[in-house]
Amino acid sequence: MKKLIPLVLIALAVTGCGSDDTTKGSADRTLTVLAASSLTGTFTQLAQTFEQRNAGVHVKLVFDSSATLAQQTIEHAPGDVLATADQKTMDDAKTGGGVDGDPKQFATNVLTLAVPSGNPAHIATLKDLDKDGVDYLTCVTTAPCGAAAQKLLAGNGIMRKPVSEEVDVKAVLAKVVAGEADAGLVYATDVTASQGKVTGLEVPGAADSPNTYWVAVAANAKDDALAAQWIDFLTGGEGKAVLEAAGFGTAG
Amino acid sequence: MGRPVSRGLAVTVDLPRLRAEVRVRPGSTVAVVGPNGAGKTTLVEAAAGTAPGRTSYDGEDWSGLPPYRRSVGMVFQEHLLFPHLDARDNVAFGLQARGVRRHGARRTAERWLSRIGLPDVARQRPAALSGGQAQRVALARALATQPRVLLLDEPFAALDVAAGAQLRLLLAAHLRDFEGVTLLVTHDAIDARALADEVVVLEHGTVAQVGTPAEIAEAPATAHAARLLGLNVLAAEEVVVPGHAPPGTLVTFAPSAVTLTVDEPAGSARNRWQGVVHTAVERDGIVRVHLRGAHDLYADVTPAAVDDLGLEPGRAAWASVKATEVTVLADGPT
Amino acid sequence: MVDAPPRLGPPPTRLVLAGAVAAAFLLLPLVALVVAAPWDRLWSIVSADSAREALWLSLWTSTIAAGLCLLAGLPLAWLLARVAFPGRRLVRALVTVPLVLPPVVAGVALLSAFGRTGMIGQPLREAFGTQIPYTTVAVILAHTFVALPFFVLSLEGALRATPLRLESAAATLGATRWTTFRRVTLPLAAPGLAAGLVLAWARSLGEFGATITFAGNYPGTTRTLPLDVYTALQADRDAAVALSLVLLVVCVLVLVTLRERWWGVR
């Protein structure tokens, strides 16, 4: 059953089970990075490079929704670096005492309308979401991707509501990939990451108000130096290259 | 074996643990007696259709029919009244199951409750009834549908003396003019003697003996039958007993407790009856003498005594028994 | 109803202690929930339209799901308890599976069957243009799917506990199996039936994983109270706590009322 794999992805997205890499090596130093789930691909790649460059360092990645991770830093859950997919959640983390110092913006991402391969509902533009019988998804409005989607839909005069508000962008993507929806508002990077399983359609006005990605050292960090090193690496040339390849903007 | 075409009920069970055939003539009652585990209950369950077996009634083959399509009424050792229904609805249950409307069924049920002397318990649930009352209601429930076959599976076994006696009287009154057939499972001689026209002795999974209660009492084929049916059974009013026996109860005493004399006994025994020797059958060194008079009495005596007294059939003799040898029928079998 | 236990001396300390620990473990998080509740904002949170909508949706979908459990589960429980059909053990084992299945997996399974591209969902959509996901029907289906095993197993236990001998007695009185079921078996199993319904209802009320996976998450149609709690948790933790408290109070209230009504206070 080919259909099973996307469905399992839905399950993983919904439960927030990400790649919780708990490999215990002989590493002397461990860096725990809490990152928004839209960073899954890029951060996994960057972590490998970072480990190669810094012998004895092990990077542990935790992916979840930005809001959940921000809350976790406020509660002083284990973690050295927090990377969120919008400014608001980072501000919340800072206000709540979850991060130290000044957060840095390191990437931007724009919303795209993703349609499943084959585009069964024949969607050409965002306006088509207003057609009867088109089922589209967004993130829940409390999540950054949902808040942005709401703004864009209103800006483009779309009256019909989504059939469901998924808790994060991965859940939206998984349902579109599985053909359980005709379209979904996801990030440009998600379309890139889907490797052709969905097609991205440009959303008018999306580029004008991109989502911004922020990174900061967690207040509870065990290894501040290593955390700062990761942030430098991320915002340096190598980090930028990887982010851009994945569809992020880095010109902020 | 050809298909039995006869009047009344014929039940055949052919299982590894029980191979038996029992026939009941129309209007008669057959008691099935035997030790525990002899298969008595299996036999009536076969007749009811709840256990495997072949059954026919008046030539009509019931073998393939489920219980609810047989014209049977059954009374169980535990009354098995429906705990969530009151007495009236319990009695009305069978009628309603057979299509009588609730109102009519309840009226009929009330008449039955009056007939069994319990008109006041109509709205009471089984939990509020005494054991004897519950069993009488269970009898009324079984009879209310006017079944052609009445099946009684140890109906007295769980009752105390007085309640058992009351139910026995009720049953006897009903059976007098019942035109169907009755199959009564018991391991109590009293029931067999008081209610049955014929007795079937089941032992080791087969029929050991068939006969009238008197025939089996006179010449029991097995030790169990001898012990069971050899007892003398009289109404309590006719016998002096130790202590108190309520009217309507039965009392028993063993044949070995009976003394036979040719002249009227002068001793301390206050229970004495005159009669004529009907039979005298020897078995295992004991002669069982059947004395006929106002009551049928059995006495076990030695062959020597038979010779001394000249107890041959037709000879007049006195039977006597000490009050201390008389047992008021205890509840349940021993 | 319950007899006082015979006097056998005081209960052993180790059992008392272990039992107390278990009780405390169960109680503590609930107490913490009450303590953590934002009492000053509580009313404004729980009286918000979105919360009322979610609570109402939860209540009526759970009630319908319990009703569906009754309709579908009663015959199944009876068959399992009373009819020795071939494969009965297998069927019983299969009925138990959703009981131990993670609800999310149940949601994925439901999508595979009734989703837009599912085994039944796709032909249904092509033939009639109707679809189940993202509708309240999907919520009810998800609820029923996870609650039905609870209902069937608890009812089957109750049916097994009703004496077969009474059913024999009914049969000798001329009652068909249907009449016996209706007039004897069912009334006697009524307390078990009620317990099963409450269990199914409570399970439905708390259902989350299968619902969010299969039905989606949209206010008014599929966002039940547990989904509302989870959604709130993404943004406003206090609101999530307050809504959880509502769910807890509703459960406790209903269970207590039904318990007194159906079982009598013991």
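Order of writing sets the labels: A, B and C. Residues in every chain begin at 1.
As a working rule, a contact is a pair of C-beta atoms (placed from the backbone, for glycine too) under 8 Å apart; a residue touches a chain by one contact, two chains touch by 3 or more.
All values derive from a computational prediction rather than experimental measurement.
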item	value
Topological distance between chain A and chain B, in contact steps	2
Taking each chain's C-alpha mean as its centre, the one farthest from chain B	A
Most heavily contacting chain pair (counted by C-beta pairs in contact)	A-C
Centrality ranking, top chain (CA atoms only)	C
Separation of chain A from chain B, taking each centre as the mean of its C-alpha atoms, in whole Å	87
For chain A paired with chain C, centre-to-centre distance based on mean C-alpha positions, whole Å	35
CA centroid of chain B to CA centroid of chain C, Å	54
Chain A-facing residues of chain C, complex	104-105, 107-108, 111-112, 115-118, 129, 131, 133-134, 209, 212-213, 215-219, 222-223, 230-237
Chain A to chain C touching residues, read off their complex	1, 3-4, 7-8, 10-11, 14-15, 65, 67-68, 71, 133, 135, 137, 140, 142-143, 161-167, 178-181
Parts of chain B lying in touch with chain C, wherever the complex brings them together	48-50, 66-68, 70, 72-74, 76, 78, 80, 82-84, 93-94, 96-98, 141-142, 145, 151
Residue ranges of chain C in contact with chain B within the complex	163, 165-166, 168-176, 179, 183-184, 187-188
